[in-house]
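What follows is a set of notes on a single structure, which appears directly below.
We just call them A, B, C and D in the order they show up, numbering each chain from 1.
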Amino acid sequence: MNALPFDPTRPFDLVAIGRLCIDLNANETGRPMEETVTFTKYVGGSPANIAIGAARLGLRTGFIGKLADDQMGRFIRGYLQTNNIDDSQVTVDHTGAVTGLAFTEIKSPQECSILMYRDHAADLLLTTEEISEDYIRQSKALLISGTALAQSPSREAVFLALEYAVKHEVVVFFDLDYRPYTWKSAAETAVYYNLAAEKCDVIIGTREEFDMMENLYNEPGADDRATAARWFSRQAKLVVIKHGGKGSIAYTADEASHRSGIFRTKVLKTFGAGDSYASAFIFGLMKGEDVSTAMRFGSASASLVISRHSCSDAMPTRAELELFLESNEEITGAAY
Amino acid sequence: MNALPFDPTRPFDLVAIGRLCIDLNANETGRPMEETVTFTKYVGGSPANIAIGAARLGLRTGFIGKLADDQMGRFIRGYLQTNNIDDSQVTVDHTGAVTGLAFTEIKSPQECSILMYRDHAADLLLTTEEISEDYIRQSKALLISGTALAQSPSREAVFLALEYAVKHEVVVFFDLDYRPYTWKSAAETAVYYNLAAEKCDVIIGTREEFDMMENLYNEPGADDRATAARWFSRQAKLVVIKHGGKGSIAYTADEASHRSGIFRTKVLKTFGAGDSYASAFIFGLMKGEDVSTAMRFGSASASLVISRHSCSDAMPTRAELELFLESNEEITGAAY
Amino acid sequence: MNALPFDPTRPFDLVAIGRLCIDLNANETGRPMEETVTFTKYVGGSPANIAIGAARLGLRTGFIGKLADDQMGRFIRGYLQTNNIDDSQVTVDHTGAVTGLAFTEIKSPQECSILMYRDHAADLLLTTEEISEDYIRQSKALLISGTALAQSPSREAVFLALEYAVKHEVVVFFDLDYRPYTWKSAAETAVYYNLAAEKCDVIIGTREEFDMMENLYNEPGADDRATAARWFSRQAKLVVIKHGGKGSIAYTADEASHRSGIFRTKVLKTFGAGDSYASAFIFGLMKGEDVSTAMRFGSASASLVISRHSCSDAMPTRAELELFLESNEEITGAAY
Amino acid sequence: MNALPFDPTRPFDLVAIGRLCIDLNANETGRPMEETVTFTKYVGGSPANIAIGAARLGLRTGFIGKLADDQMGRFIRGYLQTNNIDDSQVTVDHTGAVTGLAFTEIKSPQECSILMYRDHAADLLLTTEEISEDYIRQSKALLISGTALAQSPSREAVFLALEYAVKHEVVVFFDLDYRPYTWKSAAETAVYYNLAAEKCDVIIGTREEFDMMENLYNEPGADDRATAARWFSRQAKLVVIKHGGKGSIAYTADEASHRSGIFRTKVLKTFGAGDSYASAFIFGLMKGEDVSTAMRFGSASASLVISRHSCSDAMPTRAELELFLESNEEITGAAY
C-alpha cells in the first residue's frame, strides 16, 4: 500500500506528455560510432519509453504529444497503437519540424553515449491549444518529463496540463530527465523545473538533477533527506533520488526512506535503465504495492532492459517481469 | 491598518524589478503623431514609474534592472539617482541591446496611443546571475510587473527574485501591466502570469488582465469576487481589480471589499494613471494606512499625473499629494 | 559633358531604392545626449535624403521601398509626396515591423554621433515581389545604397532591381553608405558590396569603404587610382572616392581624375554631408554638366546642409543652390 | 579535346567546396520508410560525392568544408582520407552544430525520396576566414554546388572562393544541386544562383533548375539553347542541361550541342545519378576528352551508381569505368 490517491473511477491509468522521438542504435557494439556502419530504428524519448513500459505491464495508457509529418512520425504513431497506447491526443506538426533523433554509441557497458538531433523537433511544438482538460481528468495519473519544459510552446503546454491535473486531482509523476542540450542555461532549467516540481506528487530524479534544481536557489544541496523535505513542504508525497550504480532511495512524507537494490544482469548498455525503472515503479504503485515492492519492480525492469538492444522495444510484459522476479535475487545493502 | 506583514527592520521599503525605458511624449497634443514634430524625453516603464512615484513620496526605494550601454541608458541611471533610488543593482548590457522606447500620441484625453520599440530591449536581458538574494532580503517589499516576464532571460530572473522574496518573507506586489506586443501569445502570457501570481501577496490589475489569466484555464471569468477568491486560495492577501473610469475594487482575504472613487481633474492624457495609482497605494499601505485610505492616495496621485505631460516626472511628492487631498473632494459611489 | 548614357526618353530621371527612416535630431546642441531633452523628427536614410535632394533640385524622382504600418511610416509617405517624389512603389509592411530611427547627438561640429534603432526595421523587409521591372525601365538612373544590402529579403530585392537596371540600360549609382550595425561581419559586407558594385556605373564612397571592399580579397588597398582601375575593369565609368575634410577625387574611365574643393560654411553638424553631396552631384551629371562642375554642385549642397539642423529638410532647391554658388567661393588645392 | 583551359602546372586537379554529410540508406528496399528498420551509413552530399567519384577515377582532389565535432564528422574525415582526398582545408565546428543527414527511402526504382536533417548543419557554417586564396590557386579546377549558397556564412565563403578562382584562372564547375529545404524562397535561391553562375565556366543542372534561375528575372525560359546563350554572354564555356530519363544536352560556346545517351542497368534507386555523372564527366574533360566522350563517361558512371546501394561508396574506379564502357552499349537517340 502507498499513500497516492489514485481515483479508481477514471478510465485511464496513466497519461504521459512530452517527447516522442527515434533512437538509432548502433548494431555494431563495442566500438566508437566512427566505426559503426548500421543502425536499428526504435521509438524513443523518456515519456514514450515509460508509457510503452507501462502499457506492456498492463496499465491503460494514453499519450499527449506532437509528431513530425514524415515517415518517422508515422512510424512512432504505428508503434504506439501496436502497444495499445491511446494516441487520440498525439497531433501532427505542419510547419516542417522534424522527428528528434538519438544515435547511440555503445563502446562498452560502461561507455555509452548519445548523439542527439533536437533542432526543430516536432515534440517541442506542442501547444496549449492541444491540451484537453477533459482528457486529463479521465486519467488516474499524469507523467511529465523535464525535456518537454525545455522550450516554448511545449513548456506552456506542460504547465497547462499540470494545472488541469492539480485541479482534477490527477496524481502527477515528474521524471526529471534533464538533458542539457535542449536548454539555454542551467539557471533557465532550474527555474522551470522548480516551478513544475512544486506542483507534483511524485518526483523521480538523479542526485545530480536535484542538485541542479537546488544550486540556483543557493540551497545547500546534496543531502537527500533535505531535498525530500523541501518537496514535501510543497505538494510531493514521494521523492525518489537515484544514485546510479549505488541504487536509489525513496522518501515518503511520513519521513520513512526506502532503499532499492539491484539485480545482476549481463549489461549490454545503460540506456533505458531510468525509463524502465520508472515504468515498473509506477505500475507497482498503481497496483497498490508498497513503495519498496514498487522499487523492486523498477529494478527488475531496468535489469531486463539494459541487457537488451533497445529501450522501448525491450520493455518487459507483466509475465516477463514476474518470471524475472521469481528467478532472480535482488542484491540489497547498497550503502551511501 | 492592513494585514500586510512588512518587516520594519529592513533598510529598503520597496525594491522594484523590471523595465526601465524611455518615453518620448509628443509636445504637440490634440493631433495624430503623423503631425507631431517634437518630442520630450522622460524615463518610463511601469516599475520604473512606480519606483519613482514611491521614492518621491518618501519610501526608501531600490531597483533591479538592466540598461543599454548608450546615452539613453545613462540618462535613466542619472534620473534614478536624482530621485534617490538605489541603482546598485542596475546593470549594463554589453551585447548591443537598446533602450526600449514608447512614443506617445495624444489626440485627445480619450484617444491616447503608444508606439513601442521593444525589439532587442536591454531590460529583457536581465539574468538570474544579476539577482542578489542578499539584496532582496533587505527590503520590506518587492514590486514585479508583468512585462519583465515576457521573455527569457528576464523571465527567469524575475522568478528567481520571487523565490527569494517568498523565502525571506518580503511582501510581493504584482502589477500585472500586460502589454501584448512583447508576448508571443495570450496562452504564453497566461501561463507565466499565473505561475508568478500564485506566489504574490498583492495583485493589482484591470478586469481584462485578470480575464486573460483565467481564460486559458477555462475559469468562468469576469466575476471579481471569484477572481479574488481564486488568488486567496494561493498566497494573496489583497487583490485590486481596476475597472477604468468606473474606479477600482479591492478585496481582502477576510472577504471585505473596498471601492475607490475618483478625483475630478483636467485630463491631458490617460498614460501613467495606473503607475501613479500603484505608487501612492503602495505608499499608503506601507505607511500603515487601511486599504480604503491607501486607495484614496492612489486615486489622488493618478488625478495629478493624468493632468501633466509625463508619467515619471509628474509623480507628486508627499507634500503635493497631501495638498491635493486637502483641497479636492473624492467622488464616490461608482456602481458596477 | 560626361560619359554617362542617360536615355532622354525615360519619364523618370532618378529612382532610388532602400532605406526610409526617421531622424530624431536633438534640439539642444553642444552637449551629450544624456543631457538633451527634446528632439525634432525628420525623414532620414541615405537614399531617402538623396531622393529628396534630387527632387528639390528638379529631377523627376521615384522611390522603391517599404514602410512600417504606423504613424512614422505615414509621416514619411506624406513627406515624399510633399516633395514630389513618386511613391507608387513604396509598400507597407503588415508583419509588425517598425520604422528605423536615428537619434543624433551634436556635441560639437566635430563630435556628432548617431544612436540607431534598426532591429526589425520595415525597410529591410522589401521583397523581390515588390520590384517592378517595368518601373525600373522607365527611369534614366537608379540609385542604390549599401544599407539595403545588409539583410534578406531587402538584399535580394536590390540585386533584382540591379539586374533589371543592367538589362534596360538604366545608369546605376551606388552610394556605398556602409553602416556596420546592420551587418553581421565585415566579410559579409564586402562580399555583397563587391557583387553589387561590379554591376554599377558610378560608385561613390569613402576611402574606408573602398578599403573594406578590398581587404577581404587581399587587394593591396588604399591606392585611389588602383581602386578606380579595379572597378573600370568591371562596369564602372566613374568612381568617386571621398577623403573627408580633404575633399574628394573622381576618376573617369579615360584615366582622368578630378578633385573637388570645399566651400566655407558655419558647420552645425556633419550629418547629411554625403547625401547632399550625392544628390547635387547626380543632379549635375544628369543635367549634362562635366564631372568637375557636378562635384562643385555636390560640395555646395553639402556646405548648405551641414549648416542646418536636418539632413532631408535642409536640402536646397535649385534656386538656393545657384544663389549659394554665385555668392561663395570654392577653396581648391586640397592635397593628399 | 575541349576548350577548358586547365593549367597543367597546378598540383591539384579538382578542389570541391561545400556540403559534407551523412546518408542513411534504408537496408530494406521496396517499402515505405515507416516499415524500414535498419539503415547503413555513408558519406554524402553532392560535392562530397563528386569529389569521391573524381578521386576514385584518379584525379588529385581536395576539399574545402566544415565538419561537426562529433562521431559523424570524424567518420567523414576518415572516409575522405581513405579515398585520397586532401582534407587540409576541412575545418571543425566548435559551436555545437551537427552533421547534416539524409535518410533515404527506396519504395521502387521510380519512387525514391529523402528525409533531410539540415537544421544547424556544420557545413553551412564555413566562413570566409577558412577560405585560402593560396589553396585555390593550386588547383586546375574548383567545383561549387548550390546548397552551399543557401545560408550565411557558407554563402559568403563560396563567393570568396569563386572570386579567388576567377582571379587565378581556376576553371569553375557549378553543379546547381538545388535543394529547396535549405532555402527561404525561390526568389532568394534565384538571386544567389545567378550571381554565382555568371562567374562560372561550366554550369550543370536540370531543366527545372535553370527554369528556377530564369523565372525570377522574367526570362521566357524552358528553351535550352536560349539558356545556354544567356550564360555564354557571361563567363560560361560549357552548359549542360539534364532532362532526367531523356538524357542530357551540352552546349559549347561555339554553338555546338552534344546529346548524351544512357546505358541500360538494373536500377536500384535514382539517388547519386547526378553526382556520379558529374564526377566522371569532369574527369573526362580534365583528361582532355571531347565533350561527347566526357558525357559518355558520365552516363556510364551514373549507370553503375544507380544499380548500387550507396552514392559515395558506389563510385567506380577508373578500371571499373573502363570495363563498363567496354562491355556495355550506349543507347542514343533520345529526342526532346
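Criterion: contacts are C-beta pairs under 8 Å (C-beta built on N, C-alpha and C of every residue); 3 or more make two chains touch, one makes a residue touch a chain.
All values reported here derive from a predicted model rather than from experimental measurement.
Path length between chain B and chain D in the touching-chain graph (shortest route): 2. Both chain A and chain D derive from one sequence, and where they touch, over half of the residue numbers involved are common to the two copies.
Separation between the centroids of chain A and chain B, computed from CA atoms only, is 41 Å. With centres defined as mean CA coordinates, chain C is found 45 Å away from chain B. In chain B, no position touches at least two other chains. Chain-to-chain contact here is organised cyclically: the chains close a single ring, every chain touching exactly two others. This structure has the following touching chain pairs: A-B, A-D, B-C, C-D.
Interface residues of chain A, counted against chain B in their complex, comprise 127-129, 133, 152-153, 155-156, 159-160, 163-164, 167, 184-185, 187-188, 191-192, 194-195, 216-218. Interface of chain D with chain A (complex): residues 24, 27, 32-34, 36-41, 70-72, 74-75, 78, 96, 98, 101, 103, 105, 115, 117, 119-120, 181.
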